[in-house]
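All chains are identified by letter, namely A, B and C, in their written order; residue positions are counted from 1 within each chain.
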Amino acid sequence: MGAHARESAVHASGLGRRFGRYWALAHVDLEVPYGTSVWLRGSNGAGKTTLLRLVASLSTPSCGELAVGGHDVYRQRAAIRRSVSLVSHALYLYAGLTARETLAMWAQLGGTAAAARDVERRLDEVGLAAAADRRVGEFSAGMRKRLALARALLEAPRILLLDEPFSSLDRAGCELVEAWVRRFAETGGTVLMASHDHERSRALCERVIDLEDGQIVGRETLRATGDPS
Amino acid sequence: MRVVWSILAKDLLLEWRERARTLSVVLFAVVTLLLFSFALGPDVEALRAGTPGFLVLALLLSSTLALNESFRIEREDRALEGLLMRPVGSMAMFYAKALANALLLTLLAPVVVGLAVVLYSLEVGPPALAGLVGCWALGAAGLAAPGTLYAAMTSRLKTQDVALPILLFPLVVPVLLGSVKAMDLVLFGDAMNQLQSWVSLLLAFDVIYWAVCGVLFRYAVEEGE
Amino acid sequence: MNVRRSLAIAGLLLLVVGTYMGLFVAPPERHMGEVQRIMYVHVPSAWNAMLLYTFAFGFAIASLWSGKPEWDDRLVGAVEVAVVLNALLLVQGSIWGRATWGVWWDWDVRLTTSLVMLLLFAGVLTLRRMASAERRAQWSAVATIVAFVDVPLVYYCVRWWRSLHQIQSSPETVDPAMVIPLRLNAIGILLLGVAWLMARAAIEKARRRRDEAPLPSRVIVKETAHA
């Protein structure tokens, strides 16, 4: 791995993940420098979610190497998880907690006092301040998604993994997410995002990775890293 | 420790919010106790002699409900995975969940023991009552540790309702025997000073499994190759 | 393959000789008479079941420690063989009980412990069946460790539980003509068991292989740049 791995937010080579007889991901070579936003493009079942879960260290590769933030996925999961946040299809929310309680709990688990102070600000940012004391179980899909995003940013990650961030959001919600991811990227954050929303993803990301049947079939550079669109 | 407390507080808060569900565990325990009494007929003497067994079986049977429930909330929106993604450590996660389960099961004691006292006209003073609740608590702790570990695994299965009891019940034979014997001695006198050995057995089981399951929990929740 | 076969043949030979000696050479026991001869399979079954469970425990730790699937192959081999021996043990114990105590089941310490043990490890195999492929090895190892740790606890609590009713059988001086078939059978069953374990592990490995689809061939990556 060596030098490459240390410079990159994500470094993968020959990465593969098998589920039974089926290779969900194979031959993935990936180099994502810090501060880059990458759009994972592909149809359902192309391997986007599998790749995001591998990078999040929630899943173990079947072969190949993978380093996230310079940390080896086989041996340094804890370190990876400190620098990565994932917003996946499942939003990891407890229906019985209120929005405020949810954020407060995750802030406590992250262990920083700053995060705990951020709770109110984050609620405000995602437009949930008015609903802060309502239970998540009563939320609409869009509100749940916003809360999940607020939670992810509360964790102050260096790398943000988004699996279909625009799904189940209304127009305002989508714009909010877009503005947000942009701000995160502009402040030096790294984004890996799987999405079917071509227009928004194209506007947000600098690079595109095309996945098909578990393999990278194309790479596209939309603009240089750091360039505004 | 702080992390254990956050998760524990979350679990207890959720239990409280969904107290209708929690209450159903209590009701289940009560119904079980009643059924045992009916099964053994109306002979109060026989019922009284069987009290420790009924109590522990009521605890054992309701424990699977409580344990499954405890991981249902984690599975619903895959929140457990979210917890894994935080720098929490699976051990802290285990102890929080196991403590919540032990606490919940222990809270059944006053209701069920109280009911048994009334139903079987037990003549017990406060020390004996405290002893019964103590034995119950030790038993509950013994069920909670392996129960939490196994429930974390079986909650991923379609067959979880069957899987948990068939794994857990043979395992907790020492807990069952230990608590029944200890309660028996508390209720009906301890002529040969055996109570201490049974309590030690329960304690040994609790200590061993709280330690072992804490270490193993990681492998129950993390995905392998 | 050769090792396995030699072990199996040697085990079988020992078992045949041992059993022959047990049935026809060794003298009948003073109190129990001919029925006691079931001991020549019963006791070796018990020893070997315990030994194989201990192997399984070791394999489980190795499996979690190293994450290598080979340990899981051995683990399932050990647990399955031990469960079969354990089941035989119960049947033999029950027959013995019928002949000596007049009942098919007695809440004897060892018999009861072995019943609980069988249920514990049958549970391990059940969980294994139900687990998804990527969790199977870890879950099997976890359940094996948890079950194995329970065995001494079960033994002691059943012993105390029974302590008022039963006197532990004290070891009497045993005729050497009885010891030899016992040992021959014990070693015979051990060798057979190990051969069987290895065969089962090989099957598991073959199954794993069968389920391993080869890596798909690499496709060509199209690079585009607009910058």
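We adopt the following convention: a contact is a pair of C-beta atoms (placed from the backbone, for glycine too) under 8 Å apart; a residue touches a chain by one contact, two chains touch by 3 or more.
Just so it is clear, the model here is predicted, and its values are computed rather than measured.
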Category of the chain touch graph - line, ring, star, complete, other: complete
Pair joined by the larger number of C-beta contacts - B-C, A-C: B-C
Distance between the centres, which are taken as Cα means, of chain B and chain A, whole angstrom: 39
Separation of chain B from chain C, taking each centre as the mean of its C-alpha atoms, in whole Å: 30
Rounded Å distance, chain A centre to chain C centre (Cα mean): 47
Multi-chain contact sites of chain A, meaning residues that touch two or more partners: 60
In chain C, residues with contacts to at least two other chains: 134
Chain B: positions in contact with at least two other chains: 222-225
Chain B residues within the chain A interface of the complex: 2-3, 6-7, 9-10, 13-14, 17-18, 73, 76-79, 81-89, 222-225
Residues of chain B defined as touching chain C within the complex: 146, 149-150, 153-154, 156-157, 159, 163, 166-167, 169-171, 173-174, 177-178, 181, 194, 197-198, 201, 204-205, 208-209, 212-213, 216, 219-220, 222-225
Complex contact set, residues of chain C against chain A: 133-134, 211-213, 215-216, 218-227
Touching residues (chain side chain A, partner chain C) in the complex: 16, 18-23, 26-27, 60, 63, 210, 212-224, 227
Footprint of chain B on chain C - complex, ascending: 64, 67, 69, 116, 119-120, 123, 126-127, 130-132, 134-139, 141-143, 145-147, 149-150, 153-154, 156-158, 160-161
